[in-house]
Amino acid sequence: MSAAISIDEHDDIARVTLRNDAKLNALSFAMWQQLRAGIERLAASPTLRCIHIRGAGEQAFSAGADISEFAEMRSTREQVVRFHEEGVGACLTALLECPVPIVAEIRGACMGGGLEIASACDIRLADETARFGAPVGRLGFPLAFAETQAVYNEVGPAVAAELLLEGRVFTAEEALARGLITRLVPSGMLAREVETTLANVCKSGRWAARSHKRQFRRLMQDPTPVSVTERMEVYGFAETDEYRDGIRRFLARKQGSAGS
Amino acid sequence: MSAAISIDEHDDIARVTLRNDAKLNALSFAMWQQLRAGIERLAASPTLRCIHIRGAGEQAFSAGADISEFAEMRSTREQVVRFHEEGVGACLTALLECPVPIVAEIRGACMGGGLEIASACDIRLADETARFGAPVGRLGFPLAFAETQAVYNEVGPAVAAELLLEGRVFTAEEALARGLITRLVPSGMLAREVETTLANVCKSGRWAARSHKRQFRRLMQDPTPVSVTERMEVYGFAETDEYRDGIRRFLARKQGSAGS
Amino acid sequence: MSAAISIDEHDDIARVTLRNDAKLNALSFAMWQQLRAGIERLAASPTLRCIHIRGAGEQAFSAGADISEFAEMRSTREQVVRFHEEGVGACLTALLECPVPIVAEIRGACMGGGLEIASACDIRLADETARFGAPVGRLGFPLAFAETQAVYNEVGPAVAAELLLEGRVFTAEEALARGLITRLVPSGMLAREVETTLANVCKSGRWAARSHKRQFRRLMQDPTPVSVTERMEVYGFAETDEYRDGIRRFLARKQGSAGS
């Protein structure tokens, strides 16, 4: 199919590809629903260690909305509500609540819905061809609220204002300076950097990684000091095999050495 | 008048000038009240698209408080309360709650109250002459709480500590590295960059821009996930002429092309 | 003692040293408890103006946990709870709630618990030898929740993901670019920059500095607009001698000059 989300699982890593041939991987309503269903399925895996999201080809992560659907799916308020609630918003929630770390590999256009997906990932790696923006205000409409929140939570108020009030499109360098991407990699070396990063994410214990993701999600939504109940739940690591084995291996390796 | 706020409206843009001749645009109590009244009036305009704030002349945005008023207006606790509650704080609230995007053009001193005004704007453009600080601790007093919050919300805890605990004054380069300004522009090119930015802000639909500002204000005050009621209000864009016209024009332009 | 926290008070400044000889100042349970007790004592001083924390020697701020204690103190869930609740977490709370500004001087390893202590300080100065990380996930466990919160609050979600999901260790340059340190100083000049910074922090009124710290703590935990009650408490500065004297000296110095 020329427009679809594909997912390949291999060992610890699931590979998710955004594909919409000849449209710079623009996102159709069906693709938002497929991506949500795929992420929800992966989230339920007890063994998965990392999810890798990229756009098909070398031209784009995703250029945003598939405009061929505007007339039919986004003309009335009822359609708009359905598009955003059942399509985009539900998919972003699935990404944000996914207990498995997600790494985005970004080349070329990362616009609108593409930027929203990237913002809902944990780690964003880009090369020099990447471009980031969401100038929907110029088309006469705001970003839907849950979508603004996904972007705002990663970049803060000043960069959100540049993106949405000014309609600015950032180069990869500009995105790096603003903390919109995690790291910028020279063209030609991005694929290798992504594989190294995935391998490093996979070195983490599954219990540890899932705990870190739950902790981050709480801290993003609620800045009050964590309660004793919340802290106690995290201490559950002490009863996992991953902890016992990890410490045993670590101590064996360090035996006789000083410091940690 | 040599110390006053002036406001000129022209087409979509209101131009606000902070002026206190021979005092680097230091802010008197009367100026805080004038600025508040002016912003509240502009906020009520249904057609305005952008507000531009700058200091008169080329020497300063604003050097802070007009010290000639200290003895008379800030000696007793009662005076201090009135100065901050009815002057500075009420004005910052008007800026922060203004539904129209605000762009600050910053040259020279941007200190104390000047920094607070800049922090309450959406976009801060500065040239290499700009200096930023609020070393009031050295005078023996803290920033008033609402004023600290306006600055803290833009820069975060680490930069707030540099500004207020250390009393550090930042160069324009240092301010850029800390995200305290949006962009740094070579001297001599600032006025043009400001006009380009204002023009870009004006390209946004009014409904879209006001929705984005309301969204940002909510997200700054409340990090919990947006509710369905809040999301539904934003979908109101679907029934505006700006949306229908914007999409129609966009689709006409794109007809026959792929991607968005 | 070769593993201990030492504290020297001299005039306005308390000097705290993390020492664990031959272990890169790794932190034992006893050291966490000593540091907590020391900070709580300093917090009660009405006259102290600044706290300076560094690692003993030139090799490290702190390399993290003292691994020789793992078997005995962190094997069972009960031990883990005690270690984190009565050791690390209680100490971080003491640092975060300390009303006196804290400056960290960072060379070499600043890992795990060392990174957590640094994150709970107000100002972090480092030289080019500094390294920052907390790759505990690779040992099979997550950071305890209160410890994650201390780090997350300073660096935000994207950098927290690099540190904890990827297990990345940052150079001083990388830490600076991510806002993890306040300033990076060339090797050989760090001690002098720290003394200048301490002197600048000491220039602030005690009432002002303590108010700023309380304000920051509130803003970190609660983003809602500050209430009138909270604002009124801060206006208490108007009745302090520090305010009256500071303004009097300032006005005397400025007499005849324009601006502030």
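Labels A, B and C are assigned to the chains in the order they are written; within every chain, residues are numbered from 1.
As a working rule, a residue touches a chain if its C-beta (ideal position, glycine included) is under 8 Å from a C-beta of that chain, and two chains touch if they have at least 3 such contacts.
Just so we're clear, the structure is a prediction, and the values are computed from it rather than from any experiment.
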{"item": "Other chains in touch with both chain B and chain C", "value": "A"}
{"item": "Superposing rotation of chain A relative to chain C, computed on C-alpha atoms, to nearest 5°", "value": "120"}
{"item": "Same or different contact residues where chain B meets its copy chain A, judged by the half mark", "value": "different"}
{"item": "Distance between the centres, which are taken as Cα means, of chain B and chain A, whole angstrom", "value": "31"}
{"item": "For chain A, residues that touch 2 or more chains besides their own", "value": "153, 156, 179, 220, 223"}
{"item": "Complex contacts: residues of chain B adjacent to chain C", "value": "22-24, 26, 60, 63-67, 70-71, 74-77, 79-81, 84-85, 89, 109, 111-112, 136-146, 148-149, 152-153, 156-158, 160-162, 164-168, 178-179, 220-223"}
{"item": "Residues of chain B touching chain A in the complex", "value": "101, 122-124, 153-154, 156, 179, 182, 197, 200-201, 203-205, 207-209, 211-213, 215-216, 219-220, 223-226, 228, 230-240, 242-247, 250-251, 254, 258-260"}
